[in-house]
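Got some structures for you, see below.
Each of the next two complexes has subunit A plus one other chain: subunit B in the first, subunit C in the second.
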Partner chain A sequence: MVTKINKGKNELMVTPGEGVGIMTAHSLGEPGTQMTMRTFHLPGVVEMVPTGLPRLIEIVDAKKKPKKPIVTVYLKERYKDKKKVEEIAMKIDEVLLENVARFSEDFKKKQVMITIDKKALEERNLGLVEIKKKIMGELESGIKMKHQRERVLLIAKDLQLRMLRKLTNKLKALHVAGVKDITKPVVTQDENGEWLIIAGGSNLTDLFKIPEVDPKKSTTNDIMEIYKLFGIEAARNSILEEIHTTMKIQGADVDIRHICLLADGMTADGEIVSVGRHGLSGKKPSVLARAAFEETVKHLVNSAIHGEEDKLNGVTENILIGQPVPLGTGLVKLTMKPQK
Partner chain B sequence: MAKKNLETEYIIYLNGKMVGTHPNGEELVKNIIQKRRNGEINHEVNVEYHKKLREIYINSDGGRSRRPLIIVENGKSKLTPEIKSKIKNNEIEWKDLVRNGIIEYLDPGEEDTMAYIAIKEEDITPEHTHVEMDPVGILSVVTSQLPMQEYNSSPRTTMACSMTKQALGLFSSNYNLRYDTKSFVMFYPQTPIVYTRPQKVLGAEKRIGGNNLVVAIMSYRSFNMEDGIVINKSSVDRGLLRVEMFKTYSTEERRYPGGQKDKFEIPAPTVNGYREETAYKYLDEDGLILPGVEVKGREVLVGKTSPPRFLEEVSAFGIAEEKKRESSVTLKAEEKGIVDSVMLTQSPSGNKLVKIRIRETKIPENGDKVASRHGQKGVIGLLVPQESMPFTKQGIVPDLLINPHAIPSRMTVGHLLETIVGKAGAISGKRMDGTPFGGVKEDEAKEILKQYGFESNGYETLYDGVTGEKIEAEIFVGVIYYQRLQHLVSNKIHARSRGPVQLLTHQPTEGRSREGGLRFGEMERDCIIGYGATMLLKERLMDESDRTVQIVCNDCGSLAYYDYLKNKPVCPICDSSNFSQIEMSYAFKLLLDEIKSLGIFPRLITSNKTEE
Partner chain C sequence: MAMLDENDILEKHINKIKFTLFSPEMIRKMSAVKLFVADTYNDDGYPIEGGFADLRMGVIDPGLRCKTCGGSVRSCPGHFGSIELIRPVIHPEFAPMIYMFLKSTCHSCGKTLLTNDEINEIKGELMTRDELVSSIMSKVKKVKKCPHCAAEQKEIKFEKPTTFYEEDRLLLPTEVRDRLAKISDEDLRNLGFDPEYSRPEWAVLTTLLVPPVNVRPSITLESGERSEDDLTHKLVEIIRINQRLESNINAGAPQLIIEDLWELLQYHVTTYFDNESPNIPAARHRSGRPLKTLSQRLKGKEGRFRYNLSGKRVNFSARTVVSPDGCISINEVGIPEYIASELTVPIKITDWNLEECKNLVKSEEKPKAVYVTTPDGRRRKITDTNKEEIITELAAGWTIERQLKDGDIVLFNRYPSLHRMSIMAHRTKILPGKTFRVSPSVTAPYNADFDGDEMNIHVPQREEARAEAENLMLVEDQIISPRHGHAIVAPTEDHITGAYLLSLDETSFSKNETSDLLSMAGINELPKPDMKDRYSGKLILSQLLPKNLNIKIESKIGKKGSAKSTIEIKNGQMISGYLEKKSLYNIIEAIVLYSGTAQARDFIDGIGKIGGEVITRKGMTVSLKDYTTSDEGKKKIKQIVDNAEKQVNVYIMQYKNKTLEREPGKSLKETLESKSSQTLGGIRSNIGKILEEDLGQDNKAIVIAKIGARGSIINVTQMSGAISQQVVREKRLHRGYRYRTLSHFKQKDLTATARGFIKSNFLDGLNPIEYVFQSMSARESIVNTAIRTARSGYMQRRIMNALQDLVVKDDYSVRDGSGKIIETVYGGDGRDTMKIKKINEELSTPVGVPERE
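Moving on, here comes the complex of A and B:
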């Protein structure tokens, strides 16, 4: 039994001298070419989230913000009732003033009329007075505010027209309730039957302040946010998870170790590095390898200034000068000492 | 001028230029068309009416491809039975039809914006404005020459169109007087048994390219899988699809500034770059080769000498010596043939010009490309002697065997139909009409086959030519027109083991004409790295490419050179006597040189590999 396990383990191990990097590149690159030809979009679920190649590029390029950030919120308590969960979902949904009020500008009189929709307020359990207070808080000096029931009239005699428009835009985007940036929450169940909320936008910091939210299980697809909040190891796992799921959705069954290597490479420096000119490829230790990749002259001149030395440990540089690559059969060094 | 409201006015363009406006565009357009039909306006005038844009384009200039259509008014064709009978009796001719507003020519603009064209006379409704003279009218010049395209899938029709353009045949009847750079003439071209009516109209039957072949749809010992084609060698020997290739080489006696000029002659041994005496053995006194001579690659066709590239320095004897340069025209390395004709004439600038036509017979061989007119192309995979080919009970032996797998996924039903109709035509001795949307129906062909005692579905019982055994399955045999396409292996075949290298990089040259190597590219490189076969990689990329051994100074790291006078290596920078021989790719040496030219000094740090 033990020998069997050992045998299996040995079979799974990588052979010494195996070019794991190029294997990763091949294994991820080949399904990548397939993807371009059949990029399906997943219909139905919440919103259009980039999948397939666009998403993969997004991850690999280490974009600051994903195109469509999505948070998955788990709750501390295991509710059986969907309604309770929906209540929480409503609570985290960001409400802006423009969602609950109508605006009309009068440029002649330099006035802005805000009509608050009472029904919308009731739907979201919001008080009229609170909103009015919030509006008041946003106002600069020189603007008068009159209000009567659900109507608020702002008079700004001294403002330029452009500033007036600026004011309305500012008020439209006024945060009224919910968690900032979180939009369109949808309540669903996971495979274990647990209720969870999927929502657009990503703001874990503020989400975790809500008592019902389980900070241990809730996640986002925004890798940068995970990095900022939880650190580099979490970011590595997140990259791994994201690439793995995108590949899986596409039907490409890539060995997880390839993705591990990519994620390790992207996070090895303690911060997320993109793959490409400004990232991994641009940070190769070898001058010749960098020069062979992109921006040849820049690398040559800079290395001349700093007096760099190329140790010739990589693949590209050895091919370039015509030496055996230290990989596979080229890794073995055997010397024979002639007997004297 | 009164201010016009451009919101309601129609803008009129005449031959692309705006000439004015009109308040009622529709009426104007109707008037123009009516007057054209009445003969008051020239029939070459066309109008385009863009209702939404409120624009009217009137065109009477050249460059519009126009086509004739029968006019329909109130749901009735203007070409009435009366007129039809008049045409039959030769009472009226085409001109009258155009003049009397029965037929008019439309340009693409008018066709797109004004016309609603019925394909057949039966289809006419009150909305229609025109009817096609024949349903084939909707097809292009090329497509209408291909039979039974309405039974094929559209991609195959597209492919068939582009392939007929590559067919070799009788491209011109004065080919003997022509000096095209490259041309092909078929030995025994045939008109197709299954023709289309437009072929006759277009004169395509005089510029044919192909043979009617007896084709069986069966496999033959795996030699026709994946679009391979097995062909009857005996048929080939009898001249099937045989083609002559003509190639013209030309050169002229060019004049240079300073009054010097080239000269056609057998170069004197003193000439710079003189080959050897035997190289000029085919040339006549005038330096031109004689017709009828068999020539091989790199042999001289025209002996020519040119003045030196740079002006001669004054020699010790006072006067500049006439040192001429050899600049003969030779046959390309991979070609051979017989000198067909030599023409001596004058170039437009008045120089002596010679054109030499080489001819070579191209017999169908393994690797040549053939195709039917249904996008069914294939490459010859085997030539089988007639006695080894399968045969029918009457002793009919197919010329060509195609694989049955070529049919279902491509849905080229037209191919099968042409086979069966062609068979009927061949048996009955009649040419068959295969015009799309018309022509011979499948049932008619079947009826003919029945009459002559053949299976109506085209099946035959075949017997194996090698064993003589009856082949279990019934096999579909018929006659179909096949074309030989311009891609001949003999013009493409190429291999290299050793050969010329480029001057700059010392790497092998590229391309067949330069006897070049095949590129071991980046992706191939990646595969070998992935496999870990490092030494193979080094062999491909260096040892078999541009390996050099350079002397490197161990002290300063610069490339040294070997001084043959002092018989020792010399470092250009320091006085070192400590060198190592380093094996590297010439491209890297070049890179080092170029980096040096950037003002950067690259040093090579040497060490002993065994002591690392």
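Moving on, here comes the complex of A and C:
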């Protein structure tokens, strides 16, 4: 019985020598041609999140920031009431001064008038005094501040006009409340009926400081952030997950093992490496393989300077010089003693 | 050409390649000739001695012999020559390296501008070569005085591509060279260099290596005029300036003139290496075309690396249009007679096949032998006149080349080769006609259709290659795609319809018909009739199934759980269920798993043949009638459309009154757009439902869509319902004129019709406005497709390049070429993606893939 099971198991194993890397590239690349370029509305999400090919390319490029970062915030308590969740959503939504106030510049008098919208403040449970304090904190020396109820007047006699505009821009982007970078939170339910908040922007570090947020479940689609926050294994899983969902949304059925391999390849060095000239392909040990990919002359020149050696372990190198490749049937050799 | 013995090929194996700089001594040693004439051929068309076509550098004219190795055009590999430069010049490609050395070393003592302690400290740290260099560079920046000889350090400036300044004084290449020569071996090693192989001063050229003539062959034009290669042109220029510089120096010309000429020499050398370097004008041909010099030869898609080295040209291949053949096996390919007589397979003559080979030579009919090769490598064409002579000479050890015949193995390929199923091995079947004939079932893996697609075949020439093709690449071995473990070679279109018709409960055939059908698939045993004296369709289908097959599949036909939707196969007998695309795929996958690929191939072939025959007999076609809705249906559809339109108008009203409730995170306008898009987009499925009802379940258009043979419900909706909302950039049509899509509408008209909603269908036709709307949307999708192919092609190339060396080792770990472990066990469980049965999706999640919390 055991031998039977073992035999069955062995039959299902990959053949040693299989060029799994190429298989992965095929499996991920081929559906690429059929994928749409469209961005999709993920259920409940306001922002247009890139999916399909653009998203796939983004992940593979290991971009520092995704085009549209999205966080999914789960809450520690399982609220039944949507209102409670909405309150929290309001709390994490970043409020900039610009959102709650009007600005008017007077270049002649070198003044900036800020009129704070009281209604907007009430909507978001913010105090007038705190805001004024925050404005005060931003000011450099030489700028006087006068305030009266919801009006704040800044007088900056010594400033250049250009600097005045810079000041207003800086104040417009002043963080008033909420979590930095988090925008447009939307409250939805997942398939288990649990309430969650989906929002634009990504800032898990600050989000986790909010007591209601469940740090175990909440995630982001920003792989770099996950890497910085949780480390390389988490980043690997994140790449895996992101590619998997992207493929799934497109209806492209790709075996998880292929995606695993890509994710493992991108993270094998302990940091996220992009696929391409500056990443995996650019770091190959073989000079010829790098030269054949991109930036041919640069690689040849540098290798000559340093007296590099090409050990001819890879596929491209051997194709270039016309030898069998070290994959599959090129890996094994057959010897036979002719019988007389 | 001398035929190489297989053993000869295997003996030559390159183990490694080392890249180094050439020292001037090395160049002189390598050089077969020192060039001193700025010309190539004399008036008689004979190479000038000391010129660029000097016979010591090899030959390109037939009839002449190389003066170095004595070889002819074919056998001489070519030999390098050299030019002694009268003043050194900087090699432009190495200028950045020179800059680095000038900055980091002392100009007077040549030592690194760091104390020994500092260097040791940096060396102690764990880092890559590039990191080491950059950390030394950043430290050196601050140093003003040499810590070794206390010499004042001045700032070095570098102007691309080859000019160096010390503060504002120009550094001549001679000075640069002297400085670089001072750097000690130890300092070089610290910076990650190997002084034995590459000294920095070698990057300042004193002798220039001249490539052999066969690297830069000249072409003889029809007029008898010779046209030299771009490289030769450039080299002629270099030697000309070099000689002018020399005579000026010897004549004691003023320094200014000498420096000018020197700079000119530098320019020519720079463009000789790279004619696209920034800041200097490209050297041009007389016609104004920029010269293609060394860098340009190697670079890019059309460069040596990607065009000639990564891609090889081959013989023994053919290309023509493909067309379908319902009777051919998926394992076969129909080869036109003409192509079969051109392509050959070599046969080595042994004592055992001597007679057979003699017959092949003798034969008047195809396949016959076309060439013979004697053991000493002479190849002869077989003609009627020399036939008899050859037959008498023929013996073991000779090789004959035989025309293609039935049953040979060939590789069949369609471009773009996106996955490994784009090249599969087929057995040949020589057929009359001019096209390759393929089974419609293999169109999916090749992504081929028959609207004029062309495909290529390649004939493997060696036993080893044939064995690999037969055992690994045969179509039947590729039925399951490694991408997802599902079938990819499977019946399509009419074959599915045929199988569906067969599986219907009411389908039955007479004894005659049954034997016709079964014999189509090569089954010669008639089963016992199961419907009195008639034979049910399922019984006929069962004849194709292997006897050990037991499965139960749920299909989408009919109600869930009903006899129609439950396909049950017991001991190879089909008991219930209607076949459709998905279930056929499932059955194929099951056959591959339980009975092997050969059985699966027989099943696919059988379905193709019997299915094709059934559909020709029973018929299944669509006509205008199938798309004509009843008046009542039309009314219903109109109502749906009208309601949606009204609903949109309501939203617009609310928007204008500002009573529309804002969706979270959206502006009022965005809310309006999202709401109207939703209502208008949603009606498509509603119309589909109405049509399904109105046209009825027996409507052919609906049936073929449901069983997955052709088309979809959306196609039916657009033809007989309404084309509905057109979209550009994921929004309702909105671009065109100011605040409106077309001048036929009022500005800021947000109604459905003004924003690209099409009420008509393809059957009734569109009005001009709708036609424009549809074109807008259609154009966008065409543009998108064009962009997508380019983008995804590049992405695939990148992934391919990054992962191509990864291989599963004997311990199931995945490693790259250098042996670095990427995965300890492939995919977490070492399973082959092709060998996982996925009727149950849950079973396929591998162990070791962590579930996310």
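Here, the second predicted complex is superposed on the first by the 314 of 340 C-alpha atoms of A that agree within 3 Å, B and C clash if a C-alpha of one lies under 4 Å from a C-alpha of the other, contacts with A are read in each partner's own complex, and residues count from 1 in each chain.
Heads up, the rule we're going with is that contacts are C-beta pairs under 8 Å (C-beta built on N, C-alpha and C of every residue); 3 or more make two chains touch, one makes a residue touch a chain.
Please read all numbers here as calculations on a predicted model, not as lab measurements.
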Contacts of A:335 with subunit B and subunit C, given as first, second, both or neither: first
I'd like to know which partner A:17 touches here: subunit B for first, subunit C for second, both or neither. both
What is the contact status of A:320 with respect to subunit B (first) and subunit C (second): first, second, both, or neither? both
Applying the touch criterion given at the start, work out whether A:304 contacts subunit B, subunit C, both or neither, answering first, second, both or neither. both
First (subunit B), second (subunit C), both or neither touched by A:26: both
Go through the superposed model and pick first if A:254 touches only subunit B, second if only subunit C, both, or neither. second
Between subunit B and subunit C, whom does A:160 touch in the aligned arrangement: first, second, both, or neither? neither
Larger residue footprint on subunit A, choosing between subunit B and subunit C, goes to C
On the A-aligned overlay, A:56 touches which partner chain: subunit B = first, subunit C = second, or both, or neither? second
After overlaying the two complexes on chain A, where does the subunit B footprint on subunit A coincide with the subunit C footprint? 17-19, 22-23, 25-26, 297, 300-301, 304, 309, 315, 319-323, 326-329, 331
Residue set of subunit B touching subunit A in the complex reads 525-526, 529-535, 537-538, 541-542, 547, 583-585, 587-588, 591, 595, 598, 600-601, 605, 609-610, 612
Contact set on subunit A toward subunit C in their complex: 11-33, 35-39, 46, 48, 53, 56-57, 60, 183-187, 216-217, 219, 237, 240-241, 253-258, 260-262, 264-265, 268, 275-276, 279-281, 284-289, 291-293, 296-297, 300-301, 303-316, 319-323, 326-329, 331
Within the complex, which stretch of subunit A touches subunit B? 17-19, 22-23, 25-26, 297, 300-301, 304, 309, 315, 319-331, 333, 335
Flag every residue of subunit C that touches subunit A in the complex, lowest number first. 13-21, 93-94, 97, 129, 192-194, 196-198, 203, 274, 295, 298-300, 303, 305-306, 309-310, 312, 418-420, 468, 472, 482-486, 663-666, 730, 784, 787-789, 791-793, 795-796, 798-810, 812, 814, 816-823, 826-828, 830-833, 835-836, 844-846, 849-850, 852-853
